[in-house]
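Look for subunit A in each of the two complexes below; its partner is subunit B in the first and subunit C in the second.
After this line comes the complex of A and B, so read on.
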């Protein structure tokens, strides 16, 4: 019986040894913790700013129409981080990049509005097209709300109905008629239906890349560097001469990487739940845990493969950087693979991280678990494939040294 | 003079080391190009949200409305499909929204009635959801203007500060160059020094104390060699950016100078990290991992200050913030930091000097072991 257990015991001892080596180095632990935590803090801060445009509002007309226009802009707190300023202050703020644009309601606005010829000036620091387009859309919507309040979303519809109610009070002969939002001269209204009850916040959406970054960073790069150490310090010869099957040695290495990644991911998941950034439906927890486990095994498996194939830390570093970059970015770390051009999406589909990211998003943000089984299967296959290839690579080491 | 000779000899030795390792050099070149390519992917999904178009009307006003949607500030990538296919794709996360133009749209619009269009939105990503919600009124206003509606009292009048918008991918690849330099020069700077502290290399650092010169000379030579390789790698990326992405710098000397400065600075900072951390196992994940938050908070996607004062204040901790300020100026003539370029350059030079000094001190601290 003890003979049967010798292999697993050796593998476990190897795993514990690697883990201890990892834990003994405070910098290695810092390398695992600092990047995801740094990114978490940054995302938390960015959540306050995302999709809000810093804008200066300059109101030069004192009439009621100008005030109404200004209230429309001020009321859109989701779109603008607004500051009321004088024109001089606003221009200085624009130069200092404190604001991206100036919305100016010029003198004479009210009189011009009466004749249908009023304009709102948008002075835009059009640094890049993405940012500039965001502002163009937002300001066009605000201006359109002046004539068609319902174009401002739910708040706009309420505003429109309120105006209708006021009109009805002013004209009692219309009492009893249904209140309808009128006055949309553009002839088109938007009837929006959202797929989910509340929009997923930026913070919650960015939890997925943080988890993947942690897995790639420690699971892949960390495990690969732990493996390569055996080759550089020549301890691999001793390991291979041990009366243990090679599979157990690889298993031990894989186990160390998985345990380190799993420990880090567990910590991040607890942190995410505590801060309210991670809130999957209750029934999705098993799938989430399975996906995170699968991701850790996949990343560590690729790490073992990389370490046994490359064998030199210097080369491993740059090969690892190539792989980690592709796995993170092309896998969908900061993008959505389904939105990429078809040819690029097809390349991304080769990468196991794209399945991990897809699965995590499905588990966290969608009502069902469609496709998660496939994602788990791919992650498992990538891990097994890596382990088999690592065994073959190790055979090369045995024969070659 | 003796120190200079030692530094030169140290650099030559490191060049020979690196020169012998062709696979390493090849992978380094591949890494920088790979990095810039994948970083630019963000630009492909930042606009043109994939949106299903279900046109149940097909009349002239519907076509006019589709045209307005297509021209709504790069907002939609319209994909005509059936309602069932759209709903399926939306639920699978393959679309941001589905717009249905109902039957009778043209007749309704022609008669002056208000026609509602149904818009189903997958509000999973607040950024894209907001884009769609804000772009639709833009398209509706453009449609109204095109068909000549009456009763509009106010128009928006745009005045741009710059002659033209810089496209998003050209903006991203330039900031990508700074991050490229950060990752590659940082890793190389760390690697050439960390080796001497590792047991596998026989802890050569112990020998440093026997040398008749201070460790700073050896360190300087090593970093010079690392910076040369990083400069070649970043130079290759520069060629890719110019020829592949067709992004030419407004001022070639300024762009090359800025890139070279980035390489030198990040090599020094990498060297500092190498001497402090002393383990490849820790230093590589640390540089790669830190590059991601630096990427988000350095003005890589848009000027950092426009993300809010707090983000902007944190950005000052990242050397990439200053580097992007210099590079965006050199390539596109854009001012993306409120600080002048000269201040950005000064801070970068200060970072390099501080990094070099601190690395020398850290190496000296390690000597008595």
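After this line comes the complex of A and C, so read on.
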């Protein structure tokens, strides 16, 4: 019995040895942790950049209309991080790039509004069209709301169009009555029907690629580095000389990569749950664990394959980083694969990371597990495929010189 | 394995890497319980021979057997019975000496590993440094640790690839002591070396390789005798012709050559060297003379002057 266990014991010893060596190599730990952490910071910065622009609000008119206009502007929190300022302060802040725009409600606004000739001045640092359009749309929405409070959630308006639209989804048979009841002053209203009941914030949506990036970094690059090190420091000879079947050694190598990825992913997932960024439905936890496990095995398998093929850390740095980048971005790291141009989407569909990202998003954010079975199947196939290819690569790598 | 059967046997082994033939019909045997030295210049085929014995390289033709087993057919069974000290030591630098040995013990499924590791660390004088990270070890300490790892599973055959290269004199002599101890235990040791004194100190026989072929297989003493003792002589410039004529005519001198510092003569043995010096002193006043054993290059030159050229 003991002899039968010798192979698995040797594989486990190799995994523990790899983990010990990895933990004592600060550069390897940093290489695995810094990119996902950096990506987290990048996502936070991007989220703030695309959603909350610092904008100065200058209210020069002291009348009731001007105050109401200012309240509408202040109430729209989606695009602005508003600061009340005097005109002089605001202009200085715009020059010093402390604010992206100045919204000015000029003196005489109330009187002009009474004659239908009021203006809200928008002084805009139009850096790029996306950035500028966000601000233009929001100011236009606020101005429209001045005359049609039903369009927004202005205090005192009991039933906005948005609330009516939500009610329509729940009770479509009474939707027409609801919209009529709000008294829409425009002849055309938008009737939105959402595919999903959940609207996920941009920040939460980007947590998934960070998880994948962590798995790819540790699983792929970390395992590949540990494999390359065996060749560069010739410790591969110790493994080759041992009376252990290569399958067990391969298993040990994979196990080390999977354990390291799993440890980091567990930390990230629990951190995400604790901070409220991840809130999977209770029934989705098994699927979530399976997806994360499949991703870790797939990435570690690719890592062993890559490490045994390239065998030199300098080559690995070039090939590995590019591969990890491609797996991350083409896998849907920053976008949804289906919305990419056809040729790019076709490439993305070959990459197992796209299935991992799709599956995780479905599991984490949406009430059903549509498509997760397929994602798990592809990840499992990729994990087995990379393990088989790794075995072949190890065979070639360990036999040759 | 039968008692008369050699521990290592290579028959007509050829290894070709692209256009280069690293081993060229090599036939060689190592007797049980003996220490066989493999020497030769760079590119002679020593490393390839070790790789073939370790199973890293499969020969294109020929037969390799070790401890009575065919190396090509029973590599797995052989690995359990062979211990190897690679030239590069191949230790995991980030972990401790004890952790390196524990890992090797797990790979070889060594019973009572804890006791065995402690005993081997004491044997190689590293018991005090057992928990220190290998990166902090000197070259000599790393070699001793690698030797302990090679001995961990109590192998019958040890292959030591240049075990003392790049280490200081004390560490070198410590390794020699361990090899002598292994020989005394009746283990077969095959070691490659570039140092003739090492071969002389440790080996029962020395196989000299050149271009992947066996040039000579003899005892160290016989090899040295074939090259002769090296005798260096110098005299005043005015006396050089007379000294050259004397060396040419002396039957005890196998060959001689003129150098910038004077003459180098090769004589059969120490006694002959002393006799040559006495005779030379009677003819010309010598400014300086000294004698020493030949080095590998000189032996190589003596055995195969055309190849050395």
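Basically, the second predicted complex is superposed on the first by the 318 of 401 C-alpha atoms of A that agree within 3 Å, B and C clash if a C-alpha of one lies under 4 Å from a C-alpha of the other, contacts with A are read in each partner's own complex, and residues count from 1 in each chain.
The definition used in the following text is that contacts are C-beta pairs under 8 Å (C-beta built on N, C-alpha and C of every residue); 3 or more make two chains touch, one makes a residue touch a chain.
Worth saying up front: this structure is predicted, and the values here are computed from it rather than measured.
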Checklist entry - Which of the two partners, first being subunit B and second being subunit C, lies in contact with A:242: first, second, both, or neither? => result second
Checklist entry - If you stack the two complexes on chain A, which partner ends up touching A:113: first (subunit B), second (subunit C), both, or neither? => result first
Next on the checklist: In the overlaid three-chain picture, which partner chain does A:285 touch, first (subunit B) or second (subunit C), both, or neither?
Outcome noted: neither
Item to check | First (subunit B), second (subunit C), both or neither touched by A:270 | outcome: neither
Next on the checklist: Tell me the contact category for A:233 with respect to subunit B and subunit C: first, second, both or neither.
Outcome noted: both
Next on the checklist: Let me test your reading of the model: by the given contact rule, A:13 touches which partner, first (subunit B), second (subunit C), both or neither?
Outcome noted: second
Next on the checklist: Looking at A:193 after the superposition, I want to know if it touches subunit B, subunit C, both of them or none. Which is it: first, second, both, neither?
Outcome noted: first
Checklist entry - Touching A:30, do we find subunit B (first), subunit C (second), both, or neither? => result first
Checklist entry - Does subunit A have more residues touched by subunit B or by subunit C? => result B
Next on the checklist: Using the superposition on chain A as set up above, list the residues of subunit A that contact both subunit B and subunit C.
Outcome noted: 25, 233
Checklist entry - Taking the complex as given, what residues does subunit B use to touch subunit A? => result 21, 23-24, 27-28, 30-31, 34-35, 38-39, 41-47, 49-50, 65, 72-75, 90-94, 96, 108-109, 112-127, 129-131, 133-138, 140-141, 143-144, 147, 149-162, 164-168, 171, 183, 187, 191, 195, 198-200, 276-286, 288-290, 292-293, 296-297, 301-303, 305-308, 310-311, 314, 334-338
Checklist entry - Which bits of subunit A are touching subunit C when the two form their complex? => result 2-3, 6, 9-10, 12-14, 17, 20-21, 24-25, 233-245, 399, 401
Next on the checklist: Give the list of subunit A residues in touch with subunit B in this complex.
Outcome noted: 22, 25, 27-28, 30-32, 34-36, 38-39, 41-43, 45-46, 48-51, 53-54, 69, 78-79, 81, 94, 96-98, 100, 113-114, 116-134, 136-141, 143-148, 151-153, 183-196, 198-202, 205, 213, 217-218, 221-222, 225-226, 229, 232-233, 312-315, 317-322, 324-326, 328-330, 334-336, 338-341, 344, 358, 361-362, 365-366, 370-371
Checklist outcome for this item: Residue positions on subunit C within touch of subunit A in the complex are 17, 51, 54-58, 76-77, 79-80, 82, 84, 86, 88, 90-95, 99, 102-104, 106-109, 133, 149
